[in-house]
Amino acid sequence: MTYQEMRENAKKNMAPNCRVCKECNGIVCKGEIPGVGAKGNGNGFTICIDFLSSVKIKMDTIYKNEGQNTTISLFGRSFQYPIFAAPVAGMKLNYNGALTEAEYDAAVVFGTNKAGCAAFTGDGPQEDIFLNSLPIIKAANGIAVPTIKPWKNEKVLDQVKMIEETKAMAFAMDIDSAGLLNLALMGKPVSSKSVEELSEISSMTKIPFIVKGVMTASSAEKALKSGAYGIVVSSHGGRVLADTPATCAMLPEIRKMVGDKLKIFVDGGIRTGADVFKAIALGADAVLIGRPYAIAAFGGGEEGAELYTKKIGAELIETMIMTGCKTLKDITFEKIIMKN
Amino acid sequence: MTYQEMRENAKKNMAPNCRVCKECNGIVCKGEIPGVGAKGNGNGFTICIDFLSSVKIKMDTIYKNEGQNTTISLFGRSFQYPIFAAPVAGMKLNYNGALTEAEYDAAVVFGTNKAGCAAFTGDGPQEDIFLNSLPIIKAANGIAVPTIKPWKNEKVLDQVKMIEETKAMAFAMDIDSAGLLNLALMGKPVSSKSVEELSEISSMTKIPFIVKGVMTASSAEKALKSGAYGIVVSSHGGRVLADTPATCAMLPEIRKMVGDKLKIFVDGGIRTGADVFKAIALGADAVLIGRPYAIAAFGGGEEGAELYTKKIGAELIETMIMTGCKTLKDITFEKIIMKN
Amino acid sequence: MTYQEMRENAKKNMAPNCRVCKECNGIVCKGEIPGVGAKGNGNGFTICIDFLSSVKIKMDTIYKNEGQNTTISLFGRSFQYPIFAAPVAGMKLNYNGALTEAEYDAAVVFGTNKAGCAAFTGDGPQEDIFLNSLPIIKAANGIAVPTIKPWKNEKVLDQVKMIEETKAMAFAMDIDSAGLLNLALMGKPVSSKSVEELSEISSMTKIPFIVKGVMTASSAEKALKSGAYGIVVSSHGGRVLADTPATCAMLPEIRKMVGDKLKIFVDGGIRTGADVFKAIALGADAVLIGRPYAIAAFGGGEEGAELYTKKIGAELIETMIMTGCKTLKDITFEKIIMKN
Amino acid sequence: MTYQEMRENAKKNMAPNCRVCKECNGIVCKGEIPGVGAKGNGNGFTICIDFLSSVKIKMDTIYKNEGQNTTISLFGRSFQYPIFAAPVAGMKLNYNGALTEAEYDAAVVFGTNKAGCAAFTGDGPQEDIFLNSLPIIKAANGIAVPTIKPWKNEKVLDQVKMIEETKAMAFAMDIDSAGLLNLALMGKPVSSKSVEELSEISSMTKIPFIVKGVMTASSAEKALKSGAYGIVVSSHGGRVLADTPATCAMLPEIRKMVGDKLKIFVDGGIRTGADVFKAIALGADAVLIGRPYAIAAFGGGEEGAELYTKKIGAELIETMIMTGCKTLKDITFEKIIMKN
């Protein structure tokens, strides 16, 4: 299967929810929530694309070529690229149901694994979204990151116990789901979490805990205090609050606040290897990618997820060649130009 | 009646003056004055929309959830949300006359009251615009804000006496009507007001007086000197002068000038709960909303006005959840990002 | 004749050269030279429009109303508004020849005079362009400003003598025609002028001399040294060099350089009374307007030019009302907001 | 042949690869690689156009006219204008094969020579691209600049020896081809070059060596250390890395770093004489132009290349007239306005 064939398949399989646009930038689907889209005018997502596009890369090919190494060590493991599939769930609500939750999770978990990477899996108001992901994570030898909603801590504890059985290498909570009032209407209330509540979750297990949905330096500092292993700088793809700033624009001040005490992931509009490069230069350790993995999974299943991972991995290598970066550590702020 | 049904009704009832656009941003109707529109190239209004869109909100859901309280105390009363319907008049001239002035006032006054809020009512060259609003305000137990044009003070005194009989909780004067030369042509001259003239008006009654149409810090300072209870930072929806700056962009310097000595209202492109949040973060106590209330009233009468008020009230709550704001006092400048 | 009828006539009379667009902003006609247009990508003109649009006006109607006085004293005369028709010539080359040079000059000279203002007239490679303007200027009692090309000074001297006979109140030279290589091809070479050459021209007569086509502070300083009465900050409507900055954007530094020792006129995209207001706030004494006067003249002759002058004069008054300006002296930089 | 006829021919001869757009700005062909286009979203090229367009020219025609001299001395020779044809190769892959490599090289080498200028020629994975250019360069008495890919130095040495036989006045290496992974797939690996490797190339011959594809001050400093005669500030037309900044935007800091120790050429979106003027004002000694020369060659062969060179040469003179520049040395940073 070629990349182009995968996209053609996806176009057929995802209609009408996702148009598999040439540039996946949130413009065509803006306001289509549920669906792909983003909230309100959709600017919370499009600004991520616009910001990344405004960051420029300093090309320099005068250096001794010693190859490029894109590996990264996280959770005590080595990954081929600093690239993860973001948690996506609600196949019926958000997409057209052409894949089940389990089929989707299998595609991204096994597909990314084959490319030396890993996927985050999702959670939702229907219990089976979370439950169905567990056997897949177990089958993947735990090389995946289950993500749970900010339910009450008692419910979270039940989920953490189930996660431990899968030997998952890490788990996450998308605290930016706190405002999803529809979950409360379904009898599944979520809410913000205090540092104390997050600390309690951190302490439930030895599995590294990732707080997803951090957008400010002070929020990152609180995540650090709560004992988290890492954070995902994320605005939930612009789907929980309109008018959020670009996620990658917040990276420099967040990194400055937490130093190396937290692993920093970021999502929001990362589409190419050059985008991965920029995110790292701005302060991220690794990135999460959402919609393009959905396209890959709907268009090519496990093979699609593998194909896409390798594609942008190769683009990352190419960008490193053009900028004289031997390892990810060489991708610093000095390699880019960020407008004020 | 659902929100969508209300809008569908409005589309039928308001044609051809207002198209009830998906985004009410003054682009389609630019230059259509009278009508909805705004003056000249319409930029005086569209800049309000553009500025608000450029203000970003800092999401942070790491905090102990203790609920959200959106109430505000004004004129010795408590309101459910810091949201008021702006004065709109001239149903024939500006709209298509499908509602009478009295029907319009009744819809927004009673509708906002039912949602725990209130409306400003308008004035105009035809005496009945003002006169017809009085019984409605009285029936609403005075929970409304009649607005008068900057006529000569003798005429203003007559109006103030009539307002006192309605037991209105406050009254306003839209001093930015000073340039409406067509009023003079109709034998109803308006003009700018000196501090002395405004002081005279302030002193006519114990009812709190609001000066509407203040756009600079020095203008706000003059309103303060005149003994006003509050001001509305407003450019009259861009309808009295082209090329005015965005109203919300002026809030920080105006608030800095007057401190807490004046209540600050603002109108101009406020459309969502997130916009209300931004206006307060920038320095406002409360907002006025115009065109969307016209759509609500033409599409759903009293019920429409109630529905719209509750809708953006809920959006305000949602934004407070996503930013860790317990009360309106927590909505500070630190919660937003304003570009220079 | 109404303003709208004048425009409808103009549409018929000017096709296909000028489309009489709703907004006369140089976009439709860009690159159409000869014709209306501007050079190359047309940006030299459109930037004038864009810059003026970005300048905002500070509304303030809290002041004691004492009326508005728009008169200005220039060349020892008083004018009703600080508004002049810019020199336009080449009716066949640039327009469609529906008016002769003399008909055009008569329309703008007499029309602006009737509105208490005046017009500049033009020059060109055909001798009769200049010659035909002289009797009209004389008939207007010299209340016009003939403009000559930067020919060799001997030829200029001949022209100055003829101008003296018309009792013209002033005369101008558009030194920004220096690069018009086509004139040389026609055997009519023009060129830049040194301070010495301009001084010589200044000394040829007691009639005040205006240097048109100054775009920098140092260029203005040289004009001052040459003994000129005034300058026109102008980029010739973007028609002699692509990529010039906005004329009005240069006003503050030019005014700072020459102080009150030179009268400063400006042209380039002035379309409304608000634009006149902005130009004065930025440092101009008065403005020149080109294309809209061409539309007025082709659409309504003398009456059209009078109508248009009064229209934007009224808009200027309205803007003064909305900002508390009693005379033109009150229109200062503090009345506007200019972005950096 | 007129300029317009040349373009009409080109439209026929270049379809469908190049549309010979009115404005050659990389928008229509974006992402079409191979083909004309640029990589990814094409922004690496369009930003060059946008940046140049944002640079404004300070018009000033108050000066004593003493003519304009556009000549420049490079490689011990004098050229009529500071304008060179950029290396373009791969007639089949990138264009439609309507010209052979040799026909293309002959057109641009002889055509530019006739206008007193010169062309760079290209290299590629097929040996004949380079080999076929040699007899043409020899026939042109060496007044051309052959460009070689960053192959291994042994292969480079072979090429340099062949270049010496043509008596070429200079030779270049486009080190920004280092990331072209497709060359490795064809068994022709290229890679970055260290200062030592570049020094070795420099030392292979007495022919001046130009490093093409420098985008940062530190990269320029390394080129200087390697003994190069000059550099070309270039992002390869946006064709080797997406998201590069505008080449001309990097000129000031590069010039500041290397002073007069290196000749600085620049390419990327130079289209008019005004653009040449801007590039020189920003710090370049001379410019390279790519796509417009391809259009000239496909549309008019040798005559087309001569015609285009003279056209923008004339535009450069015109811009110098309008800014009071007698020689290229007068085109300084003070003559332009560059936004931050």
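Which chain is which? They are A, B, C and D, in the order written, and residues in each are numbered from 1.
What we mean here is this: a residue touches a chain if its C-beta (ideal position, glycine included) is under 8 Å from a C-beta of that chain, and two chains touch if they have at least 3 such contacts.
The structure presented is a predicted model; accordingly, all values stated were derived computationally and were not measured.
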| item | value |
| --- | --- |
| Labels of chains that are neighbours to chain A and to chain B | none |
| Interface residue identity across copies chain C, chain D - same or different by half | different |
| Chain whose mean Cα position lies farthest from chain A | C |
| Inter-chain centre distance, chain B versus chain D - centres from mean C-alpha coordinates, in Å | 59 |
| Averaged-CA centre spacing for the pair chain D and chain A, given as whole angstrom | 42 |
| Multi-partner residues of chain B (at least 2 other chains) | none |
| Topology of the chain contact graph, where touching chains are joined (line, ring, star, complete, other) | ring |
| Residues on chain B engaged by chain C in the complex (per definition of touch) | 40-41, 43, 47, 150, 175-176, 178-179, 181, 191-198, 211, 213-216, 218-219, 222-223, 226, 235, 240-245 |
| Sites on chain C touched by chain B in the complex | 23, 53, 55-65, 272, 274, 278, 314, 318-319, 321-322, 324, 337 |
